[in-house]
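Working notes, beginning with the structure itself.
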């Protein structure tokens, strides 16, 4: 099967990092097609950037000509899954939700550790709407921007581990979710510091997407019906720089 | 004061209709500046169209050169408020939330009556995230598309009234919110049918925006901090048709 | 329009203070008629005093001969709105609810800072019943009695600011509600200390009441039907001292 | 032990009815002292009447000179427990809460069947604040006023049974609470119609009050501290007719 | 009446301790029949041990030949009530639920203080399923195993009091539940340290069971219907050591 | 990898049916080891039978000598996962939770359709404790016992489809979970009737178990720590018939 893995930001290095992480866990017959939006922000931290990304992701996926069996959205706490699900007939798995689903399978109460404080509300929102907030005891920020997490993995691992330890000791978490794309490499560091399982959203989403495909399950069109035909101006976005 | 009233779809007739409705309730010193996005769908019903609208609304508001004191988002159940709030230093009032806030001030349990069934989930999501789902007993669809509500007010009033009566009798609602921009004209018809107060989102949002301005209250930058400076490709969207 | 502003305690100085604060934010055509109950406690902090106030407020409002367009209940965390709403055909806006509604319009998560610890449960109750508890992260007490807040504004401002800072830093609030009548003057002090918007209940309630009146919205009689005619002994309370 | 049983309305016949019902279930050493408020409404159905009753009940209990070990509030869905609890050092058991507690001990999901639709919101409020709403599947009204329930027990039993059957069949209730004082006599009729246990609030409250007394448990003064000494005008209410 | 009091573990000394505590609060006509399961663990702390206990308790109660009026399950946070309730026609009162019900009658917000951290999740689960989690502010562990609580009451009282004080001061509890069988003796020590009421589950359950019996209330067979006749292998467990 | 698939009842035909269904969806390298408890009921419908099954399942899995990588519990709405998770160091995936997790990935709101009404409460309990109740709109019973579902697949498919259609049309479900082991064969029938995705718990659980194994994720020992060493009488159960 072929899984499209969509980075939410425009930084190719992140796309390549998550492609490798996804490929490392994918089953033998699974091809990972990692793509980068042709417009948007180099890292997605604000809602402003996130709304842009929602459109850019739809734009990018709509441009794929080869068939595929599922889509994985690699961003964390992102808007946009519902819109993409309306456009496609294959499962769309969001990394935020995937991490939380897998965390619930492993323990009783999970926490999320992420980049900047400004993303906390958005992550809580996504978990709440996905019906997954019940077992979430906290969402904590390291204070490190997304690209710094990528650029300085040593510092990233240290800060993630520190917050994860607090999530376990003070908030009562027994599973930790890493709340940012491209952090799969750091999971073992956080696991060593906390002695609890650590879930990376992108790899979790790839695993769940494979499961859905293997079970021949499609997204519900009662939940995500295709858009009705109507006059739309300015879509697709033909002339954005870089497209 | 000047309030920017943003239509979510690209149909100018809707913009004009809500402009008139807003002007009818605005206080003496309030100017309503109604604007239409320069790209997007003629009516916003799907999540796909709604993600487009979120960007198109940010795009359109960012292009306003004159100062303004508040923004009212006229769509119902729309994504996008958080992003716009990050870009601005003035209150951004969403019509969905405004209708529900006002409904809570008038009764114990409110219901929303809206256009198509496909919008129900999105509306419930917005109410839940705004912390307003507790007193909402139901969200009901008339089955009429947005533009048909505009085009055939007689039929619209009838179907809205029918569903509103069911919301009162079967769901226990004691206030009704009209869940679609441009329906203010129909409120009295629904009120006559149900004998409960009927709230229109756009006019409610204009009233709340005026209140916030008069109280000198700004949106919380702890909740909606300005985006950090970073490389963004393809924004603003310079060459979309119609911009 | 004329708005009746009802103090919950019998201290005339508080009535005068809130009258001035309300008048300062009211629109040009709005007259504030501030009234003091003719019996009850000099400050309302216990449930015992609050039940007395609920009756005293109904008693006092029922004695008003001039027409009015809305009532604002200035107490915070008070019982009694439902009863008064049954007796009247105009909007009754409670300051507790008003503060929370406005807070939700400004940010994601609000906190309330109030007088004594003993009032916390009652305030949480009111917010829960109004459907507004979802976004409330904490209700904190300064430990200062109501009249001391009035008498020593300097100390009041300091303690309110201290608790508000804790609400922001430890509880994650991004908006603060001042949980006591007559504290509007202190809002700017708390705002300076926290850098988040600070909402005063009385002024918020006046603004919302004006909005409801301007939108021609009445309270739902399905929610608050007039009492049925029946034998009532000892009402109105004719001979209470001071009446 | 002596238990004070307080009727919420001023109808002596109701006081006598509940006294008999309470006495029938009380243990051998338990004396029931049933009292009627000296002012208020002949039946309590509105919030207005209920706020009056809250004060009248405090007034009446404060006038009792003999020692007592617990108080049972016989009204259903009433305001006022918190205030009375502040004034006393003995358990105050509300019939609404008592019925729901006992129902939770007998099954998984309970429903309440009561008098008029106008009381539904108040009953739901009380259950929610008591932390007992989770297992409540519905609150249903017979449409019969309180005094008619008393006056025409045959019709009352029939309507209660009809609604109780709906609560079981449509709402999934497996226990029924009778939501009005003085209905204990009708429990067996409703039980015969539904084949599920039927709980009367007054008798349940008497049983729970006895348990608390026998366990030497006092109400929490951290939850219900005595009012602080302060100037109170018009309390006690010396000259209300009938006092 | 005769109440069967079932210890969840196989330690006879615990059975004797709870028997004495139950007898001390039981009414004059109440006989306490305390029984010990014939298989299982010497103390029940894990879910593994608890699942064993659920069966062992059903096995032990099924072996009782004399008639009885109610059953009290003395374990705290235990699985198994539902199964036993299906087998019997008399009330089955679980000590966990009983403690929480009584706590809700005494204050606004209760906390549970128990033995090991590993039991916290199970206790929270029981409270949630019983519909009693709403007013529970925390469940805290002393870190002392069950048998150590029995063996060293001095140390037990000290650690319970320490955690109870934290529950009051930091979590806002105004009632404390002792979350382990056999701790009734320690209640006064914890009460002295916290100045709030302290509820022991076993004695609370005995009191509630007596109330249900005196009110002639049976468990709902709609909630807990008798098992259907069917082929069961290995039940009753004829040859387990000790049976 | 090797996955142990545990039937909850003692009917070998059911074990064989679910083994085939599991094998049909398992990946190429996955071996399914299906086992039947050596004691317990021929079908598990009551809580009584379910408590027996919890122990019988632990007993049966503990007897497996070969290594395995994960366990799938095939029962629906069963007690017992927590205990087994304490005894093992590999993932334990419950079919109830698996179905709900997968349903959440496919739509917004799911319903469960199951065998007898008596199992509804138990299923709701499991979903609530797993943090998955938020998006569950209903749990519906066909009224058919478990073994009849197996014996008469035609009738089973018809009744399942009827209830599923009601779940979609009346409750608003957009995904259906089949709430009983061995119903995978019937999914396509229900899907044809409803036009929404239909999830079978056993096959979903096998897929999720494979994902967890491939991601090298272990259950949290902070959530499910191994039992402490202690005296246990009558375990393992050496002489139960058939063991």
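Per-chain numbering from 1; labels A, B, C, D, E and F assigned in written order.
Operating definition for what follows: a contact is a pair of C-beta atoms (placed from the backbone, for glycine too) under 8 Å apart; a residue touches a chain by one contact, two chains touch by 3 or more.
Since this is a predicted model, take the numbers as computed values, not measurements.
> Answer with same or different: of all residue numbers used at the interface between subunit E and subunit F, are over half used by both copies?
same
> Among the chains, which is located farthest from subunit F on the basis of C-alpha centroids?
C
> In angstrom, rounded to a whole number, how far apart do the mean CA points of subunit C and subunit F lie?
Roughly 53 Å, centre to centre.
> Using Cα averages as centroids, what's the distance between subunit A and subunit F in whole Å?
Using C-alpha averages as centres, the distance is 28 Å.
> Could you tell me the distance, in whole angstrom, between the mean C-alpha positions of subunit C and subunit E?
So the centroids are 44 Å from each other.
> Could you say which residues in subunit A touch two or more other chains, in rising order?
Within subunit A, residues 108-109, 121, 223-224 contact more than one other chain.
> Applying the document's contact rule, which stretches of subunit C touch subunit D when the two form their complex?
By the definition above, subunit C touches subunit D via 10, 38-43, 45-52, 54-56, 58, 79-80, 82-87, 118, 121-122, 125, 128-129, 145, 223-228, 230-235, 237-243.
> Write out the stretch or stretches of subunit D touching subunit E in their complex.
Residues 25, 27-28, 91, 93, 97-98, 101-102, 104-109, 130-135, 168, 174-175, 195-197, 199, 203-204, 207-208, 210-212, 214-215, 217-224.
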